[in-house]
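See structure below.
Note that the chains take the letters A, B, C and D in the order they are written out, and that residue 1 is the start of every chain.
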Amino acid sequence: MSPNYILKRLMMIVYTLFVVSLIVFAITQVLPADAAVMMLGENATDEALNALRQSMGLDAPIWAQYGHWLGSLLQGDFGTSLRTGQPVGPIMFEALGRSLLLAVLSIGLMLVLAIPLGIIAAIRRGKVADMVVSLVSYAGVSLPEFVTATLAVLFFADLMKWLPPTGYVPLTENFVDGIRYLVLPVCVISIILIAHVSRMVRSELVDVLHTDYIRAARMKGLSGGTVLRRHALRNALLPTITIVALDVGYLLGGVIVVEEIFAIPGIGRQLIVAIQARDLPAIQAGVLIMAATYSIVNFVADILYAWLDKRIQYD
Amino acid sequence: MTDNTKNAVLDVRNYSLDYKTANGTFHALKDISLEIARGEILGLVGESGSGKTSLAWSIMRYLPGNARETSGKILLSGEDLAQKSSSEIENMRGKRISMVFQDPSTSLNPTLSLGSQLSEVLVRHRGLTRKQAWSEGEAMLARVGLKTPAAMMHRMPHEASGGEKQRVVIATAFACNPECIIFDEPTTALDVITSRQILDLFVELQAETGVASLYISHDLALVSRTAGRVAVIRRGELVEQGSVGEIFTTPRQDYTRELIAAVPDPRRRLVAGQVPTDAQPLVRVEDVSVHYGRKPFLAALTGRKHERVTGNRAVSLSVNQGEILGIVGESGSGKSTLAKAMTGLNPFEGKIWFDGRPITGLKDMNTVYRKDVQIIFQHPDASLNPRQRIGEILSRPLKLYGDAANLDQQIGDMLEQVRLPRTHASRYPHQLSGGEKQRVAIARAFASRPKLVICDEITSALDVSVQASIVQLLLELQKAGNTAYLFITHDLNLIRQIAHRIAVMYRGDLIEIAPADQIDSPQRADYTRRLLDAVPPPVGSAA
Amino acid sequence: MIEFLKRLLRTPQGAIGVTLVALVLVAVVLGPTLAPHDPEALSPLARYKGPSTAFWLGTDQYGRDIFSRLLIGARATVTMAVFATIVGTLIGAIVGTASAFMGGRADEFIMRTIDAVMSIPSLLFALLIVNLLGSSTINALVAVAIAFAPGMARITRSVALAVRKQDYVNAAIARGEGSSYIVMREMLPNVIAPIVVEMTIRVSFAVMLFATLSFLGLGAQPPAAEWGLMVSEARRYMHLSAGILIWPSAAIAIVAVGFNLLGDGLRDALNPRT
Amino acid sequence: MLEMNRRFFLAGTAALLAMPSAGFALAAAPAKGGTLRISIDQAASVIHPLLTRVNPEYMITELLYSNLTRLKGDMSLEPDLAESWTPNDALTEWTFKLRDGVKFHDGSPFTAEDVAATFKAILNPETASPGRNNVGPIADVVAVDPVTVLFKLTTAYADLPVAVAYPTARIIPAAIANGDLKSLSSKAVGTGPFKLASYEPDRLIAVERNPDYYDPARPYLDRVEVQVFPDTSAEGSAMISGDIDVISTLQPTEYLRLDGNDGVDVLRVASGQFCNINFGCDTAPFNDARVRRAIALTVDREAMLQFVTEGFGTLGNDTPLNPSYRFFKDIARREKNIEEAKKLLAEAGYPDGFEATLIASDRPAVRTQLAVALKEMAKEAGVTINVQTMPHATYLEQVWKKGSFYVGFYNMQPTPDGIFKLLYTSDASWNETRWNNKDFDALVAEARATTDEAKRSELYTKAQELMNEEVPSIVPAFFDVLAAKRSWVQGFEAHPRASVFRLDYVSLTEDAPKRG
């Protein structure tokens, strides 16, 4: 993998962020909301509003506003929230931290469950086990997160009282509680992905098991188990890296809903609140940060893949 | 092991195998009986679908779930393999009986180093530690004639050439000095010269170890010079079996005769000697070069110049009216690249003169040119749109080049012209056999009564007998329309049979062009001679 | 066609999928005629009723018949989802195929831009769009369609590229066929199959997305009987009567599973290897 | 005598009101200490005491700041920073005597200057305080001496002591009021019972006891953690699991769910909080009172009460007043009468009804419920209503105060004058209906300046009758204010005003969980 390739990918990220910034700026420009009104509230007099618009440069032409926004963005200034009057950047990044914790745990759990399921399904292809696995995965994709979340809370918290229903405790504050609060949301999020990934693993492994080199390995007298471990899994699991990375997009989406229900002050919550309150700077920052996260994750995934699979020659 | 080295190492007796499929039972092998003694090579010859590979898998005890062994037994040194437990089989595989596959690039795990793939078999069967196995492996690589064994051990498959990889596979097969090795078309995927080297290696090792070898191949010529005895298999049945001499000189069965007859033989020229080189050639290719690839990003950024991949380097040649010009060369020699350039599938530099009209690029290739220059591709299943009926496929050229009047009539004629029933018009490609598909492709090419037809390896995907008939057809069409062919192939014997002149290409360069009958003269270029040496001397000379 | 249907029904997935989807389609087509009650009629005295002979699945917070609402809602829910997916797919397919056919820098540019758009989670994207256009079923539809388009474009492109390399396309070019013929007659028919599969599976995603939008108050408008809306409204009353939540959820699940299975079935049925 | 009465009624005195309100007398002596977790249903985005807009925000500033006066559970007044107050005879000037020795959180002393500066800031348009029109017709505020403030009014105003209890009339230091007013967006400098410990608008706002609070007895709690729960069902679950001690505002459905859970007490108090259908009285067809009355006649109020409050409320009669208000007049209730409605529509020129789009914001959910129910009810009279919901922000931006047919939702105000001046008079701060009825304006204005109880109630009665006749907005039902608490919480009551919480009176029993 050449430095050439890495550089190219980095440039792609920059381009991505540029496009996203255009999109989000365009959207926030036409959102039915007046930043000044949002800030001062319904009781603001016109003088007050105009004064504020001036100071916020809202009366400048669009492109100028965009330029200004991008400029301050590059200096790490995401602007101030119209809702709380506090700088957006720090809030968003803190929130992002929490969301990432949620996301990483979810992916972890998902992999722990999805990969074995996929493998079982693949080697018992067409047998009962296979059907069971696919049923499980279908169950996962059959309900929107907000329903699964609701049911989960009803059962595990209200009924069984095993876990705290909702809320969030920073791990730094109290690790054990923090984890206990995360269990349900993490499960809800991972369920959706398990379906996708286990099916992925299954099909990949099925393909690999039909390749000549697997046959060749068996012809060397290696047992099925050894062949699976030494030869098949590695090649079958490699592609999952990319798939999982792509799923991060879907995951971040799911995180939005789950955070709303479980009252986790992650970036998803922040965005919902921001959108509901027409807090334009917050929306812009939030979307950009999400997009950036997504791109970076995929970048890392590609590098990892290229590093693990020597075959691929990138120019 | 007992001392009965006289007796057969591998002994297949009245063996029959069925496959249960959705549409009924399929008899893959019917009452097969053959023996291979120690130190003997049995060549198993058959066309695709004849069941030769099924036999290999049954011997290796690696059969799909829907396989049913209806009769007979398979004995290895007297032990009935069918009786053995799966663990016993696993202990046997790779140790007492091993296998060499057709394509080394697919039979090696792309993500494991060659060394680990070789040494794992030693660890498995000879109980060596990884370290011992590794050094042992190096020794073996040396034995199979690899120059730098130590380095080769650490290479990944994609870092080694096809020949090197196949040597590693062979080394693995011989690793535990097995009693029997099955070679499944071990050279088919390789280039002429490489396969020759692999073959030599095989013969050498075989002689050295005296392993009983079952050599499976579709290539009679090749088998004729490696095997001691030959067994011809067809539709799951052994047609006949005997020493190479008997089979090739005095075949008893018609099928065997056809097979032998079908094998291309340079001494049996199928075209009249020279075509008169008229004043102006039909096509003249002038310094045509083709490059691939775009400047990579960083290079573009830094303005650093970078070497583009070259497909053709300043190739110049000409084809006369009604001439068959053969182009031979190994894969990557740029034969097909030239063909693509001439049909506007590749951008190219240089000039092509057609009928005295200069063609400098895609833009110059007008309908007239398109009509006059047609191309036929290697794989008919790829070149015929799976979602169009034969009728529609054949109707296109007619619609494009002139008279679309009473299409059905014309299409019918076209089909008959290539010896296909008119009714095929209503069929889809996947309902036809490989040979039939290629005939359709040919019909499509000739629909526009072209002056030049470019045949890009059009027979290499087909069985010998089919190939023969296709070639037959092509020559008839050629005579009928005095069409010129640019016949691209890697099969020297074939081209020597049918071409007027032969152009030899190597790594994008045109080495030389020579009249077909003088291609074997000693003053040919060195590479040309190496090519000729590599191809097995045609059948019959063995006798 | 018949033979194709046979192939489809041979796999368990295909069989179950077809059955479920057929079930849903019946509701879509005949729903209004089958519905025993007016789906919007309030009955203050019959609120939160459990299943009974009068109300097969019980009543909701306004005393409306849940069963009738489900039947009526099938149209709003399923047709919307299907339609949104189709629109999104069409946009995607056109962009993707064009991009693949153009190749070179243009292709590069289009794909990078699509990647960029895809870096915004589709739910979030849909959220923004609906906020932009104002919450209504149609706008939700537009949002979902737009959110789907990039992904579909990507898939279409990769398939199209594979087809583009096929010799029959080369043959067509060498024959001097026009671009339109090559794209329409040679390429598209071979591109469509995998697209259809992907589309079928995405319908279930669309249903989810619609539901989620309704949950966030941005989807269909009350008193519409759109299932997602029913579920999200029901969350407030589920402690008074679980049925309000369970039945529409089950309905959604049926659609989702149905289309997923159907998609897998199609994949196998359309696959030449099987 | 009348004089006496008047003084007796109007002048608040510490002597009278210092005694703890009846509710608490019964409870055991409150234990000190402990951490209370109370939930709010939306983020407290604004903690600037003059700029708060919603109940959760009011809760936070109530913890951190003090007003001059404050409302007790029975809506009667109790002194806060003011010890007593007296008007002049014309009711155009009010004098407030302030507590001595009170300190702000930053240690600076609290004086009359601060009061004056605060009110000037509230009244300054640049501040854009929502309370600007709700603190009374104040012309000027003068600090007579450190413990005496004089309010000069533009007109006579009897309710000033109540008006200054308005949630945005929290007293802030003069230094900040005249200086960096914005700074209060992220910090808190008040005289309230608690100090700001941490502020995360969307998760948790924590406050800690203010040791220098003017009442050494209060607050009882060491710490209050205000937690944000965007999802009401989740909020309920948290209460059941004992994660939170108090739910400040409870949905009827959640009330029914929590009721009967052991360890959980559900609280309920009748209130003037209501949801209404606002007509734009200046736009057709709603500019015709007959049309408005006709639609009002289609409403089955008992059913509506069930639909929107699950029965936790009182029937409305198209005026914003109900028994929770003083001066409420029980006029004959308007009952569902489709015939009459059809007749009125015909007279108004809509014999076969008309079509209209009713807009409802998505928060709180009752708005939509009301709209959907009305849609069905109006059907019977041939009026076709299309319900359109929208995100609250969009609603505020595009519909609120502008629209001609939409759903409103309001807290109870402390006085009739408060609610009238807020919504219905021509000069109302939120003149949603553009009813602009001169007679009504006159009645309200006169009532403001009237001190005689009988006279006043007569004027308000007229006003209510007029309103009920004209129907500027349909008020089908009033909501009880609902809340829930764990049994280990003492001294918390649901407050009819819904924006008053009095957490400084709350204490925890020993069986409350010990928290950090």
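In this text, a contact is a pair of C-beta atoms (placed from the backbone, for glycine too) under 8 Å apart; a residue touches a chain by one contact, two chains touch by 3 or more.
Here the structure is a predicted model, which is why all the values come from computation and not from measurement.
Legend note: the chain whose CA centroid lies nearest the centroid of all displayed protein CA atoms is A. Put simply, the chain farthest from chain A by mean CA position is B. Taking A-D and B-C together, the pair of chains sharing more C-beta contacts is A-D.
Once the centre of each chain is set as its mean CA position, chain B and chain D turn out to be 88 Å apart. Taking each chain's centre as the average of its CA atoms, chain A and chain D sit 41 Å apart. In whole angstrom, the spacing between the mean C-alpha positions of chain A and chain B is 49.
Contact of a single residue of chain B with at least two other chains is seen at no position. Multi-chain contact residues of chain D (touching two or more other chains): 233, 391, 394. Each of residues 32, 150, 154, 260, 272, 275 in chain A touches at least two other chains.
Residues of chain D touching chain C in their complex: 232-233, 236, 251, 253-254, 256-257, 300, 302-303, 306-307, 362-363, 365, 368-369, 371-373, 375-377, 387-391, 394. Residues 12-13, 112-113, 115-124, 127-129, 131-132, 134, 204, 208, 211-212, 215-216, 228, 231-232, 235, 238, 245, 249, 252-253, 256-257, 260-261, 264 of chain C are the ones that touch chain A when the two sit in their complex. Those residues of chain A lying in contact with chain C across their complex are 12, 15-20, 23-24, 27, 30-32, 131, 134, 138-139, 141-147, 150, 154, 249-250, 252-254, 256-257, 260, 271-272, 275, 283, 287, 290-292, 294-295. Within the complex formed with chain D, the chain A residues making contact are 32-34, 37-38, 40-45, 47-48, 51, 83-86, 150, 153-154, 157-158, 161, 164-168, 260-263, 265, 269-270, 272-273, 275-278. Residues of chain B that touch chain A in their complex: 60, 62, 87, 90-95, 98-99, 101, 103, 106-112, 117, 120-121, 124-125, 156, 158, 169, 172, 296-299, 301.
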